[in-house]
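After this come two complexes, each holding chain A, first together with chain B and then together with chain C.
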Partner chain A sequence: MSSAAETKSELPGQQEKGERFAWTFPLALLLPATVLMLVLYAWPFVASIYRSFLTTEEGLTLANYQKAYELYFRDVLFTLEVAILSTAIAAVLSIAISTYVRLANNRISRYVGFLYRLPIFIPFVVVGQMMRTFLAPHGLLNVFLAQVGLVDLNAPLQLFNIYGLVLSFVWKQAPFMTLIILGGFQMIDDAYIEAARSVGANIYHIIVKVLVPMSRATIAVAVILAFTSTVGTFTLPFMLIGGKVPTTVTVDIAHRVTYFGDYGVANALGTLSYLMVLVTAIYYLRYSVRKGIYEA
Partner chain B sequence: MNIYKYGTLLVTAIILSVLALACQPVAVQQTVVETVVVKETVEVEKVVEVPAEEEVELVYMTAGDVNMLALAQNLLAATFKEDVNPNVNLRSIHTGPGEAGSRLIFEKLMADKEAGREVGDVDVAMVHQQFMTWAMEQDDLLLKYAPNLDTFQYVTAADAKNALGADVDGYVMPMFHSQTAIAYNSDIVTDPPESYDELVTWVEENPGMFGYNGIKGGMSGVSFTVGWLYWKTGNYDKYAAGPFDEAEIETWTPALEDMKKFNENVTFTAGNVGTLDSLNRGEIAMGPVWVDMFYTFMQEGKLDPKIKLKLIDPGMPGQPMYFVIPANAPHPEEAEQFVEYVTSPKIQGEVVIDRYNWYPGIDGSFVADSAPPEAFERLFQDIPPETLAERGKSFPLADYFTAMLEAYERVVIGGGN
Partner chain C sequence: MTTMTPKRLLLKSLEAVFLVFLFFLIFGPMVGLVLWSVAIRWFWPNALPQEVGLDYWSQALGFQKSLAIGAVSITEAFQTSMIIAVLVVVLTMVIAIPAGYALAKYAVPFRGAILFLFLMPLAFPQQPVFVNLLLTFTRMGLTSTIQGVVLIHLMVSLVFAVWISSAAFKSIPPELEEAARSVGASKMRAFVQITLPLAAPGLLASAVFVFLTSLDEFTGTFFIGLPFISTLPMLLYASSGSNLQFASVIAIVLLIPSILFMVIIERFLRGEHIAGVG
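== the complex of A and B ==
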């Protein structure tokens, strides 16, 4: 940017003007994006935290958090449980798929490399609708298992609960994580893998000693993004487990707003979900900042 | 090479999503084609001659399920233009199902008000009862338009005067009434319960065969819960008419503790549609549903014909959907025309009863001539008019309503601990 400005300011007398231009022009370019971020993201974010301490009667208070704790604390734990469990399973699965696509080079692996990406394009609400009929007590999965003789339809697998929810999240998040992790794996030079093989490393060693350590940062990013979006998803839990006990925080937020018009407790619950993802967000920011410094 | 590869991928993904959408019944209605507004190119001289014939874009905001949008876009927009006013193009905006949809409309009108806009964007809106309790607290949000309409004389229902404790006389015209009831599979349940009392016994004897969607998964479950409290307390009149007495809340605890015990033998379903789906797949044999959804599913062949309805004693709540006209509506006259048209006996009979299986918004006796007899029979076969009159209850006052939901959360769900 500055070099372009310098070439423009070759004429004598325009030197000063050019310098000012070089200084203000990048800021002017940044302005629309910054304003957009401040107005549409930063302001609502700060406002929602502020309003979580407000009630109509008492002004600034912790009453909303008190109520959130009394009524929804179990749901907070449940949300955390679902997010951790599904992210962990999806991480293992996506590392396995990535390893296979990275190391095997045949027709099937290329096919898998294409196929795994499809769920990425399917929105959560469609996944919800799909899983609702697939996982139902007399749904496709149970009927299939009953035909094979594994399940009795009078006592079918009950999947409209944490199991079904985790399964659906894994189905949706694992491909997305694979996309990121496979990218990391493909940047690793074949020489490392061949070297490991030549000293007798088996596939387990290659994953644990070569691929995963060398892509640690990439895997971390995938885990963080998947975890964050799992905590924040409303449609899938609402459609799958809706009014059950326990349910996720997002369903509680919707319930609070819809039936009570109570944005105070809804914001308090929202702030609790910020806290849930905060730990991972800090890591992500630190990582991307450090990376920015060293790679510049 | 890569571009080709990703192109194929994208196309495949689009095809798959379209297939996925096409396979789900609700979304079929969602792909409603927007009404295309064809503006005539009027010559300049003509405009000067007859400025009154200028086209009006009437903005109609509706809460409720997608069938409300389909009704307005595919049917009413065209017939209103044809039957009443050729200059009006109805533009329908759908804000979403349940109270959340009404909430969005309220927030839109409040935003207009707070910004001091004297002429807003919304001409007419379709809202739930709960909306009225919010809107009537603001004294200048809505027009008192109903007495201007010819069809106002046909409105006899009590809930056209009072909505959950708010005095709405003159501000609303009910488009239809909806009711919750217990649906049961007559193959499995040969002797369906007549009351909440008998239902509890039945559920104890048949664990897992009764299903509902709790209170966070849709209004049919909420309605069942409110009916439970009406039954246990016997205080329906007080809760429906008021005034609000905070001391009542304490008295619900034993009733809700019983419900907690009752829930141990209950299957929880995934939403209003979830209950109907579970019934149809034979996962449960009984559950609370909306009557109109039930008949529409039945007509579309999405429900086992063995499934029937029962409105149990002492009754379950139902609710109307209202037309309201905002105080800052840009075209109040056309909006009134539109409401008058939809509440006319013709549309009430042909559309509300025959096509949508709703109970009419105006008094049924004025509609009998315009609805086909078989539609009338279908609507009243399981729940005769006398039963409906006796056991069709209102939702409680807004304050009682939210207190009931929160009491359920505290006692039945048990909150954080």
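== the complex of A and C ==
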């Protein structure tokens, strides 16, 4: 942010012209993208907060929050439960996969290092459809578990609820988190791992004392991005549990808008979802802006 | 040959269990999708479909007319999706390439603020933004139009496109462009003949990624595009309640490019730039 001051020149003539060009040119290159983001992102973002305090009768009040609290408090908690639970499980799973790929240097681990990535770009709408068939009362998972003798098909596992939702989020987020965390693990020099091994460390110790502490910042970024994306995802809960109670805040927002045209309460819920990720968002933004965007 | 100690045997077994579990976890849901897309008759408690065939595929792809209730042809939604995706790729790249170049190569004033603006969509839920754009777009008559959906997809993809293009430019040593300039090439010529070709693979990856983002976008299209603009994800949602087979076919149609892209893009992959896809 200080570069504006640095490039400003007091010199007259040619030099000044060159210097001024030196910072108006990159700004001109950035102008279309910045204007678009201001109009299509920043403005509606601010508007969503402003409108959450707006009611048609009384002007600025907390009425929308009052109503959101009365109608959807359970769903706010549900959203947090789903996001915390699935991020935690996905974090453990992705650290396990990353450790395996990092330490076991054989053909199978190389296959794993490739295959785990397959879900990364599969969109939520496809994950939703997949899980609807996979987790259904007579879907593939229940049928499989029944074949193994773990489930009675007359009383199958009911999974169109928090369990199925968490499983689906883990399926989608863990590979993405593994991509980031494994990147961090691979930056760690073999020498540290060898040193730990030579003093008798087992796998658990290597994970807890070497791999995880040395990639703390990377793991934090993976956790934050997965958490934020889980809180804000509409598609998957919408397809998997829809309007059932409890459901996520994102489904409630859509419900408020499409059935009632009630933007006040929808925006109050939206602002609440900003608050849910506020701490992680601040950490992420500070980290990324300070560090630049190019190093993982 | 050394014999396995009990401890080593235990570790090896745990490893095997972990791998089998992982395998089922990754592929189980995908297998279900494929089975449903070819299941003509599948009643529980059969573990596998009783009758399989490509009937639903040929109906969905428009090779065969079907009068069955709930039968859909995906050709129209496919065309809509393609038109939107191509427009989005062109517009996004035209805007993102200069921006990415500026961020990679210049000390831009207000750099922190601009980075902040471009990172915010990754740090906060986007749905409330779509909801409030719906209000504005309604006033401007942009809802349920191709233009409206293109604008939404443009906003969603722009962030990724700027970051990936910027990383592509950043990876090119500035000395190369300087060398060209020192032998008399203009700024523009150095850019077009040196920097652009070197950055091309990264920019191409960025463009393909934008294409995929637009093809898969759901939430924004749901608020801005419905009821008249039906892209593949919208059609998938619409048929998922009533017709599992068609929904599964569409899901696979969307799944294939995602996996192909994953395999091809490996080299350019940086987790942070792709958060929250779909």
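In this text, the second predicted complex is superposed on the first by the 275 of 296 C-alpha atoms of A that agree within 3 Å, B and C clash if a C-alpha of one lies under 4 Å from a C-alpha of the other, contacts with A are read in each partner's own complex, and residues count from 1 in each chain.
We adopt the following convention: a contact is a pair of C-beta atoms (placed from the backbone, for glycine too) under 8 Å apart; a residue touches a chain by one contact, two chains touch by 3 or more.
The model shown is predicted, which means the values in this text are computed figures rather than measured ones.
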Chain A as common anchor, with chain B and chain C clashing or fitting: clash
Which of chain B and chain C A:247 touches, first, second, both or neither: first
Touching partner for A:129 - first (chain B), second (chain C), both, neither: both
Partner chain(s) touched by A:26 [first = chain B, second = chain C, both, neither]: second
Per-residue contact with chain A, leading partner among chain C and chain B: C
Which of chain B and chain C A:260 touches, first, second, both or neither: first
First (chain B), second (chain C), both or neither touched by A:273: second
Touched partner set for A:138, first chain B, second chain C, both or neither: both
Contacts of A:117 with chain B and chain C, given as first, second, both or neither: both
Partner chain(s) touched by A:239 [first = chain B, second = chain C, both, neither]: both
Which superposed partner A:71 touches (first chain B, second chain C, both, neither): first
Footprint overlap on chain A, where chain B in one structure and chain C in the other make contact: 117-118, 121-123, 126, 129-130, 132-133, 138-139, 239, 254, 257
Residues on chain A engaged by chain C in the complex (per definition of touch): 1, 3-4, 6-7, 22-23, 25-27, 29-30, 32-34, 36-38, 40-42, 44-45, 47-48, 51, 96-97, 100, 104, 108, 112, 115-134, 138-141, 143-144, 146-147, 153, 171, 176-177, 179-180, 183, 203, 221-222, 224-226, 228-229, 231-235, 239, 250, 253-254, 257, 263, 266-267, 270-271, 273-274, 277, 280-281, 284-285, 288-289, 293-294, 296
Touch list for chain A against partner chain B, complex: 69-74, 114, 117-118, 121-123, 126, 129-130, 132-133, 136-139, 156, 160, 238-245, 247, 251-252, 254-255, 257-261
Chain C residues touching chain A - in the complex, by the definition given at the top: 11, 15, 18-19, 22, 25-26, 28-33, 35-36, 44-45, 47, 95-96, 98-99, 101-103, 105-136, 151-152, 154-155, 158-159, 162-163, 166-167, 170, 212, 216-219, 222-223, 233, 236-237, 240, 244, 247-248, 250-251, 254-255, 258-259, 261-262, 266, 269-272, 274-278
Residues of chain B touching chain A in the complex: 5, 9-10, 12-14, 16-17, 20-21, 24, 26-27, 98-100, 103, 134, 213-218, 221-222, 268-271, 274, 277-278, 281-283, 401-402, 405-406, 409-410, 413-417
